[in-house]
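So the structure is just underneath, and the comments pick up after that.
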Amino acid sequence: MTAVQIIFLLVAAATLGAGLLVVTAHNLIHAALWLVVSLFGIAVLYVLLNAGFLAVAQVVIYIGAIAILVIFAIMLTRKVAADSGPQTNSNWGWGAALAAALFGALFWIFQGWPGINTALQPLSESQDTVVQLGQALLAPDEYLLVFEVASVLLLAALIGSIMIARVRKDS
Amino acid sequence: MDPINSIANWLEGLFTGWGLAPWLVNLILTGLGIVVLSTVALIVAIVCVWIERKVVARFQDRLGPNRLGPFGLVQPFADILKLLLKEDITPTGVDKIPYNISPIIALATVLILWGIIPLTPTVLGSDINVGVLFIVAMGAISTLGIIMAGWACNNKYALLGAFRMVAQMVSYEVPMVIALMIPVILASSMGIHQIVESQSVWYIFVVPLAALIFLISSQAELGRGPFDLAEAESEIVAGFHIEYSGMKFGMFYAGELLHAFTVGALFASLFLGGWSGPFVEQVPMLGVVYLFTKALFIYWVIMWIKYSLPRLRIDHMLSFNWKFLTPLALALLMVVALTHKLLSNTDPWVYVLSMLVANIAVGWIALSLARRRAIIERKKFEENRALARPAESAAAAPTS
Amino acid sequence: MIPLSWYLIFAAALFCTGLFGVLARKNSIAILMGIELMLNSVNVNLVAFWRYRTPETITGQVFAIIVFAVAAAEVAVGLALFISIYRRRNTVVADEINLLKW
Amino acid sequence: MATETLIWLLLVPPLLAFFLIVLFTNRSNRLSHIVGVGAAFLSWLGSMVVFYRAVTTEHLGEHPFASSFNWLATGDTYLSIGLLIDPLTAVTLFFVAWTILMIFLYSVGYHNFGQPKGDHDRPGLPPHGATMIDAHGHSHTVPSIEPMYARFFAFIGLFAFGMYLLVLSDNLVTLFVGWEIMGLCSYLLIGFWYGKESARAAMVKAFLTTRIGDMFMLLGIAYLYSFTGTLSFRDILYNQEMLNLLASTPAVGGFLGLSAAGLIGILLFFGTVGKSAQFPLHVWLPDAMEGPTPVSAMIHAATMVSAGVYMVIRFFPLLSAGMEHGHLTTAMTVLSVVGAFTALFAATIALAQNDIKRVLAYSTISQLGYMIAALGIGAYVAAAFHLITHAFFKALLFLGSGSVIHGMEHGVLHTGEHVDPQDMYNMGGLRKKMPITFWTFLIGGFALSGFPLVTAGFWSKDEILADAWGHGHYIVFGVLALAALLTAFYTMRQITLTFLGEPRTKAAEHAQETPWTMTLPLSILAVFAVVAGWVGIPEHFPGIGGLIPNWFNEFVGGTLLEHPVAVDFNFIPLLTSLVVALGGLWAGWTVYSRVKTVETVDPLKPVLGGFHTVLKNKYYFDELYEKIFIRPAQWLSATFASLWMDRTVIDGILHGVAAFTLQVGSALLRYFDTPVVNGFGNQVGESAKKLGHLLRPIQTGRIQQYMILALVSVATFSALFYYLLVYTR
């Protein structure tokens, strides 16, 4: 049980707990805040996986943009200051059952998979993942097309969300 | 060999001599480093209080604190004492956890930035290779702290202030990130340390426009200067920290001041060559002096702007960002990237000069476009403007 | 030294949590949050596979970045939809948005 | 900047100019030509830098500037495209850049920039001139600005892009792309004045004729790619194994006992036959004169036709693959025969033309034939040399003729008498009216006819002749010598009729020198028409030989794998070229200085008799093709396809089928459709309704329930499949 493992277990437990609270908390704002916690935990996991860039990007994008956006949306769409009563719909039992079943199935598949216990090789010192990532994203025979498509998607989302959420004069 | 590292090595030897596990030694040393660094930062914050009050006083043609100690130097400690002794009120109906966490976040996100600022060639907290992005990330988290504070207080003014602040920060993050990308391109690294080291010529002379954009947008990030709508006393009493009192408020306050100074330090590291200066190779500790001098200068510039300019209207603030600053930053990024790509392996003087010229050209074009727009706007405004005329009847009335 | 299985199991658990959120929450925005959780767990899987199986090529991280972009777009559009729905029908509860019934 | 980066940037300005003009600036003529000429200038500047670096590089042939990237994923390999600067490209780039810049500049003047709008000019017709009232109230008719000025610059911008792409590209794909872009642009530019019936006909003719050649060329490319799996020059032309392999393997079907190299070479050569108007596909070139003169110069001198020759020179290693000493490969034989024949044949036609531009057109054909023939006998360097010198002086001649026409038009407008400003018989004595044009034209003409020692044409022609003699191809030598004689003759005829003597019409009297935008390019090109030859003087030339080292041979020869040896000097070809050049010029002068009036019959007519008419009608080739190809095709389509096939057979079948179908249809309707189909249909409808009622409760309109259902079903099916596929295996 090395320090890294302890850190991982703590972070994972925190993330999962926060995730559970996200889907169960009555107060939506609290749920959003818990979402932030679990996203942060995932950022820490990225650090453990030597993906520093992703970790910081996770914080910037998810916490800095998405979580804030969610909180805004919640505040803009609340009738009363505090949500009361259960936040689950009538057939939450089914949902729970399905989720549990899925987890079981995944777990079982992992059991069957030989690659499950791959040894972790240390990254070579020369390998700068940030540089590698940048080049991979912009090399024409690698992921340039994907990159461009993603940017177009973002642009479309930008325009589309503005168009949808805009208060029209006529109505 | 500078004292700090030597002390660290000595301690390391000492602990290992005691027979502690290396990872434990490492942990202890890191902890010590954190403690020392944050203490220094907080002391700086206290000094900032004094400086701020002095400078604002001078700007407003007053004397400022001058009773307590020489030049009122002891004044800030008295303030702190007051804040500590104040009763810590927790209004009813607040959401406890966010209410108590948000001041901590507000201060911590600023403190943590000191971990990546290289103080001297040899002393820096951690040299992460995505330092620039890290700055932005911390800004994002502080945004979160603010919105938590605003919401948790269960107070309309606080919520409004938080909304304004968050809208401002989120939107001004965009030009700031783009402006930050430009030193990254020049130094071809995201690590602050490499950026500082690669500044044979200070970047403010290479890409002045980027520096300007960064300064403006971080001014908005700070929520001071003309962008202090979040705590516009006349409209929403004190913004998101209206309900806070005592040391909780103190933390917000210290956080804001320290943040301003930190922005100064970041600006110095990114555009003013950080610790670099004469004799720094021989005496590394000089680097701290240089860094703090530059940071203080920028801090002074920030205060200068803050206390000289009137407050913006919110729609002006937002449209200034989205319609002027962001496009300008994008255009500048493209131009700089192109110039860099074309001239990167030419004579450095040619490179620097052409980069400078490109910057000035972009800025000039942007300004002239803005000026034309402004003229149009003013015309539109002055056309349908009700001018006060003398009432006909009054003019025609017979004087008897 | 963390075995790969830990990451996978963690990701699976997080994914199922998100799934439960998607299936069982009343509020649409909460459903969106569940989707976010699922996307994140997928990302963890991608990065873990990259780190353990093919550390020399960067593919996993690239995919994660793309997922970031998609998630951002999805949240933006989704929230905009919810807000406009809220303007028209004054609710964001998924069960009450059922014009397509029968 | 790294040269590899720079050569990519060469392509950008013309293309950018095209889009800028088409999209934005086409309203403003000034902006448009600033953009166009500016783009040409930028490319010229870059080309000069590249050229300088190229000539100052040692052993450029072995290590050229090359830069390429993977473009098209073909399965698991990439089709890589890129740019390449080797000695051949460098020299080609040099003259292409110069001529293109000159032509751009010239167009500004030629299209009367700065003149008023025409009174009744319409887009698609040449400007008719505008009447102006001067201070004294007299009304003058002055030339008016081209109505589609901006569009012209857009077109030639695209054209320039095509040429740069073709010259710079290091593989057949981009070369072919540039090739076709130029084909399109020549179509658009020849038909630039689409209001004229003849222009429309000419544009279609040019397009279709070249298309025939391109078809074969495409076949060649496809064969080459399928054979070698690459289209990059370096991979094919510069590795000996590949060439040997190509030369040793027999062609598909092995017809004519050709080797693969030979077949590919000949197929590619067909492309050149179309593009640079070799016999039998030469017919489009003279008609292309319908375009504005800068276009003629573009198409004929600088770019398109040279492009054809450039391609063949580029592929010389392939053509000559498997050549033992002395005897030529089949492909080369084809080249030499076609080239030599074209040279003579076109020269003869040029004798009898009166249109100043048509004469030049035929002389172009014949000069290109020269180069092809030179390649055919293996005179690689000589061909390249003549390509370049010819480009300069032919551009000069075309621009000069344009300037003459322009001056004549001015005269026509001024006097108002209606004479054809392009007919040489209406000119004469222009040397006094248009001195600059005259002197530059004279230089160009002497260069074309190979005036000894000073002009560029002399050196290049002499080198070709020397090569032909030196390698003992005496027939080719004879034919080319004769062609050279004729060339000198008709050139002198042209000069005499146009410039010397006295004006034969009032228009000629009132002709006027053209603006500096036209004369400056003439002067610059004239300089090149002289000095371009001095870089290639053979060492052993008596007297001046070796004063200037034979740099050209060294440099361009370095392109090939094994450096070609310059033939040792021999007096016979030298004397021959001297005799033919001077003799031809003298003859032309003596014969045509006798023409005094417009009505004078061509002095050749009595001499040649009926043959002269044959020449005047270009051996009736147009009529011949009309009879052989066009008429039969029309007849076939009209009679066979339309009348017989369509009307009788197909329509008949259709009608029959229709009638039959009607019968069957009614029967079906009565006995099958109504009872069976409808009944069934109604049943289906009913049951669907019932089913719908049954399933109705499932659709709650609650998205989450839908998702649950979907997931449950997915889970079930996946479990099922897993069981079937994994356990029962």
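Read from first to last, the chains carry the letters A, B, C and D; within each, the first residue is number 1.
Please note the rule applied: a residue touches a chain if its C-beta (ideal position, glycine included) is under 8 Å from a C-beta of that chain, and two chains touch if they have at least 3 such contacts.
Quick caveat, the model's predicted, so the values are computed rather than measured.
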Report summary line: Averaging each chain's Cα atoms, the one nearest the global Cα mean turns out to be D
Report task. By the contact definition above, name the pair with the higher C-beta contact count: A-C or A-D. Result -> A-C
Query raised in the report: How many Å are there between the centre of chain A and the centre of chain C, using C-alpha atoms for each centre?
Result: 6
Query raised in the report: How big is the gap, in whole Å, between where the Cα atoms of chain B centre and where those of chain D centre?
Result: 63
Report summary line: chain A and chain D have mean C-alpha positions lying a whole-number Å distance apart equal to 59
Query raised in the report: When the centre of a chain is set as the mean of its C-alpha atoms, what distance in Å lies between chain B and chain C?
Result: 33
Query raised in the report: Considering chain C alone, which of its residues make contact with at least two other chains?
Result: 22-24, 94-95
Query raised in the report: Which residues of chain A are in contact with two or more other chains?
Result: 53, 57, 65, 72, 89, 91, 94-95, 98, 102
**Report entry** Sites on chain D at which at least two other chains make contact
**Finding:** 702, 704, 708, 711
Query - Of chain C, residues touching chain A in the complex - result: 1-10, 12-27, 29-30, 32-34, 36-37, 40, 43-44, 47-48, 50-53, 55-59, 61-62, 64-66, 68-77, 79-84, 86-87, 90, 92, 94-95
Report summary line: The answer for chain A against chain B in the complex is residues 3, 29-30, 33, 36, 52-53, 56-57, 59-60, 63-65, 67-68, 71-72, 75, 81, 128, 130
Report summary line: Counting only contacts in the complex, chain C reaches chain D at residues 22-24, 31, 94-95, 97-102
Query raised in the report: Taking the complex as given, what residues does chain A use to touch chain C?
Result: 2, 4-5, 8, 12, 15-16, 19-20, 22-23, 28, 31-32, 35, 38-39, 42, 45-46, 48-51, 53-54, 57-58, 61-62, 65-66, 69-70, 72-74, 76-77, 79, 83, 86-92, 94-96, 98-100, 102-103, 106-107, 110, 115-118, 120-121, 123, 127, 129, 132-133, 136-137, 142-143, 146-147, 150-151, 153-154, 156-158, 160-162, 164-165, 167
Query - chain D to chain C touching residues, read off their complex - result: 696, 699-704, 707-708, 711
